[in-house]
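Alright, structures below, take your time with them.
There are two complexes below, and they share chain A, which is joined by chain B in the first and by chain C in the second.
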Partner chain A sequence: MEFNISTQGAVTTAKLIGRLDTPAAQECAPALEALQEKAGGTIILDCKQLTYISSSGLRIFLTLRKAAVAKGGKVIVRSICPDIRNVFVMTGFLNLFEMED
Partner chain B sequence: MSNSHPIQLDPHGEAILEQYRSLLPVFKKMEEVIPDRIRGFFDEAGIVVAALEHRVKEENSLAGKLELKGAKYKDLFDITDILGLRVITFYIDDVDKVASVIERLFEIDWENSVDKRKLHEIDSFGYLSLHYVCRIPESSYFDPEHPELNRIRFEVQMRTILQHAWANMNHDTGYKSGVEVPREYLRNLSRLAGVLELADEQFSRIRTELTDYRRRVQALVASGKLGEVPLDGDTFRSYLELNPFQALNRKIAAVNQAEIQPVSLMNFLSVFKAMGCKTLGDVSNLIRDYGEAAYQIACYQIGLTDLDIISSSLGPQDLCIAFILKNGGGRAGVRMLFDALNGPSESNESIAEMLVEQASDLPFMNQ
Partner chain C sequence: MLVLIAAVLLEVIGLVQYYYSRKALREEADSRAQSEMVATQLRMENTFITVENSAGGLSWVFTDKLDTPDEIPEIIRLLMENNPIIANGFIAYAPDYLPGKGHWYEPVVSRLPEGLVLHQVGSADHDYFAEPWYQVPMESGKGYWSEPYFDKDGVRKLVVTFSVPVYAPTGERVAVFGVDMELDWLNDLVSKVRPYEDSYSTLVSREGQLIASPPETLEVKKPMRYETMIERTGWRMAVVISEDALYGQINKVSTLVLILQVLGLLLLILIILRTARSQRRLEKAKEARSRIESELTIARGIQMSMIPKIFPPFPERSDIDIYATIVPAKEVGGDLYDFYIRDDKMYFCIGDVSGKGVPASLVMAVTRSLFRTVSAHEKSPGRIVTEMNNSMSDMNESNMFVTFFCGVLDLATGHLRYCNAGHNAPVILNTGKSLLPVTANIPLGIMPGMVFQEQEIDMRYDDAIFLYTDGLTEAENIRHELFGEERMMEALTGLKGSREHLEIMQKEVALFVDGAPQSDDLTMLIIHFLNDVQPSQEERHLLIHNDIQQIPQLAEFVETIAEEKKLDHALTLNLNLALEEAVTNVIMYAYPEGTDGLVDIEAIIRKDSLSFVISDSGQPFDPTATPDADISLGVTERPIGGLGIYLVRNIMDSVSYERTDGKNILTMTKNI
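== the complex of A and B ==
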């Protein structure tokens, strides 16, 4: 699992590549911390190359959302594949995030 | 004050002006401390105001005042408006609330304070404002570097936003030019003051009525008479405090022993309205009539996964899907639901297609 973060002004983009399962979610802790620090601006989670998400992965998304709400920023989830979108639908997470195709 | 001529001060006036220059840092300190104190108290008391303005009188403005009536003052401590604050409220009732905060925070010099709201005859209209002359008691704030701070008096003006508007217009029209203003303009200003006084009262009345309405609705919600409560933003918010979707969400969460993440459900208000709900009773009936179908949808989706987290919006989301599909809304209806909840998107079409297909196998669609 790769978590590539780049920042331009107030916009931070994190490219998620691979499977965001429970072990990967634990490995992502430092990246998550770095992203939370940027939560006052816009965080784009680019999921084009994300192939799987577990509950632990959803919790990472949720943590970022909470940080953004607290700091007045926002989280945009971009380019999720149909399978992951279904996970968002079946858990009720879809309407928690701004989604971009 | 017009500054078109050079200001000539007598020695007494010059002495007061010199006193002003030496005490200016104290006034600046007061300007820093006092508004903070007031804001802190407003926050505690839940008072929302339109503005809290403050200023320390400029030297040239003070010089102009001293030129005109310097002999009236023994020294600078006799002048009470070097530091001036103005609290502008939205509602007329809040002027008295603000005044009670100021009374608790500061020592009021009642002899020099004036309630201009009470100065008008029954047939006259004009400037309405409450002016307090105050001091900070040592018990409230003391700075050993600036002991004069507790001796200096300052002025707090309190008025509504409409009174403020009138006062500004009156100031611009009445005094600035130095030219005598024709009677008809003064009469128009006076008439306007009367209209604004009525408007202030009306705003206050509307707020009181709204508060009463909310209390009545909360009482009806609490007593379970939901059919009598119209569905709107206020009532839906009160209804959500009763956690009406909790039982459904818990039932769904039990499938995978999932945790439920609480989120705001206010975005479902427009959806329920679009589905024909007119009262909270209608929403409650929806939960009663379609809760089982919503559970079937959720079970089908998460039952074969190991997902152990759901958001509290899942119950109402699946409830809406069940209602739409059972009532022939089909794919277009489900797409509209997701467009309303998440914003229009092409991907909502494929979500709708998937959900219609899944639901076709479920018992509720075949009963």
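== the complex of A and C ==
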């Protein structure tokens, strides 16, 4: 699992590559904290290469979202693949995030 | 026995009848012979008396004429003129009685052809004094009948002399007066006495001279002789009757009767013998039939023992459910089926020999043996059938053929390879029912060198294949209607046990034919494929420690299964997700932090579902007891956790928890 973060002005893009399962989610804890600091701006979660997500991964998404709400920022989920989109549908996350192709 | 008694009785009656008839005839013959003899005797005696009386009377006349002896011949002549029966009349005087007449004097009147002639015959050459006809009357004074003799001097015929003494007035016997009587009339008289055709009469003098003789040509067989004595002359008259002639008629009749009786008896015996023989033959036939029947019963036993008849045949196997029935139309039949398992493959076949009865049963036995022999070293049904066909065509002198279907079912995979040789297409029972697509091919035993095409199909869990012989579809009722494929398909309804299927089919057929006699052998075989749980392939295990870092193994685990089951990506991902959530829960909550524990994951792959059984030995933890997450909540209200079990529930079709033997066992199933 790779969690590549790049910042261009107020827009922070996090590229999620690979499987975001429970151990991967734990590994991502530091990166998550770094991202949370940017929650006041716009965070783009690029899911183009995200192949799998479990509830632990979803927690990361929700945590960021909550931080954005708190800080008046914005979280955009981009290029999500149909399989994961399906998980978002199942969990109601589709309504919580701003989706972008 | 009864017949024998009857026959003997009949014969006895015949014999008695014969005996009495014979006796009656004999008595009648006796009386006829006697009466005719007596009548003849009387007539003879009358003549004799006449002669005696005339001679006797004249002798007294002569007494007075002794003085004039020359008158005497004249008197004799007169007598003879009146009595033509008298041949000679004479008077013979005592020696030297008449003076001047010599020592011998005997004047005789003879009846000669020229008339009555007187001549004197007494002389030294004719010394009559010693003759009995002279001596007896002279000495006894009585009349005397002489022996018959041939009168060579006079009439030259056989004559008999009656002589009486002539007394002188002094009372002295001085001469003998005699008359010769011709005997021709006696011969005539006696010869006429013939009471029967084969009979004759004789008259014999005292000294045995024949007076009346039997006809020379007549030969009387078995003579019966009746005799009577004529006292006056001492002659004996006899009547001879042929016994054959007498009994001839009755003998003929009784012989005829006897022959008829014997013939009747023979006929009776013949009939009895024939009846007995036919009885014996009947018994023999009965014996032969019962022998054949018992042999057929044995043959049936042998035939049935060739066919697997014990169900379930593989009680240790749960992946296959087989049932079969075979009902020959006769004691033995030409249908066959067979099945056995080798190397986890089921070899099975069904066949129908043309014709039925004993010839068909022999071909059936050969076919079944060939199937076993060939399939022992051959896995391909196409080659099995081809090889069987070659063997059967080579030795097929009776021109019998066999429709045959052979299949080899891989019990591990459900892959069925089959080959049809002119047999009815089997029915495949899965979610629907349809005839198995088969190449018709020609039956076995017709043409050697044929190559039989093999076909294949995959059987899945709960699929069944129903095989039958045309005894099913062509079962006839009394209106000669056929049971037919449609009724057969209709009866194959629903998912049932193999036995139940066939029993229903049998009931339907019985209902349809309604007591009409079975005309063809009826065989059914059903193979129900139930390979659901195959431990080597269909059950997978994964054992991990209660370490989050081992979670990725789950993905690999699911991936392998998905590949095998050819699951699509989305489903694979979901299954992975559900499994990860469940296992993560165990790792997080079942084992207290810092303790090492194991999580056992078992995947059970069925035809249409996949289950994960997750068990651990940690503290009791029931994830299903957790309330569902509320996904309608907004971002702020949404709790961070609680999504795991929610996802499990959403993805899987059923989730259940149990605590058994100190273990948490979570079973979750997804229908595929």
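To be clear about the criterion, the second predicted complex is superposed on the first by the 101 of 101 C-alpha atoms of A that agree within 3 Å, B and C clash if a C-alpha of one lies under 4 Å from a C-alpha of the other, contacts with A are read in each partner's own complex, and residues count from 1 in each chain.
The definition used in the following text is that a residue touches a chain if its C-beta (ideal position, glycine included) is under 8 Å from a C-beta of that chain, and two chains touch if they have at least 3 such contacts.
What you see is a predicted model, and the numbers here were worked out from it, not measured in a lab.
Superposition of the two complexes onto chain A shows a clash between chain B and chain C. Judged by the touch definition given at the top, the superposed model places A:Arg59 against both chain B and chain C.
When the two complexes are overlaid on their common chain A, residue A:Gln49 makes contact with neither chain B nor chain C. Once chain A of one complex is fitted onto chain A of the other, the partner contacts of A:Gln26 are limited to chain C, with no touch recorded for chain B. Once the two complexes are overlaid on the shared chain, A:Asn4 sits clear of chain B and of chain C alike. Once the two structures are superposed, chain B and chain C can be ranked by residues of chain A touched, with C on top. In the superposed pair of complexes, A:Met90 makes contact with chain B and with chain C alike. Contact with both chain B and chain C is seen for A:Pro82 once the two complexes are overlaid on the shared chain. Applying the stated contact rule after C-alpha superposition, one finds that A:Asp101 touches chain B and leaves chain C untouched.
It is stretch 307-315 of chain B, out of 163-171, 307-315, 325-333 or 343-351, that runs into chain C when the two complexes are superposed. On chain A, the patch touched by chain B and the patch touched by chain C overlap at residues 54-55, 58-59, 62, 82, 86-87, 90-92, 96. Those residues of chain B lying in contact with chain A across their complex are 258, 261, 263, 267, 298, 301-302, 305-315, 317, 338, 341-343, 345-347, 350-351, 354-355.
Here chain A touches chain C in the complex through residues 19, 21-23, 26, 52-56, 58-59, 62-63, 65-66, 69, 82-83, 86-87, 90-92, 96, going by the rule given at the top. Residues 548-549, 551-552, 555, 569-570, 573-574, 576-577, 580-581, 584, 629, 631-636, 638, 640-641, 643-644, 646-647, 650-651 of chain C are the ones touching chain A in the complex.
Note for the complex: chain A touches chain B at residues 54-55, 58-59, 62, 82, 85-87, 89-96, 98-99, 101.
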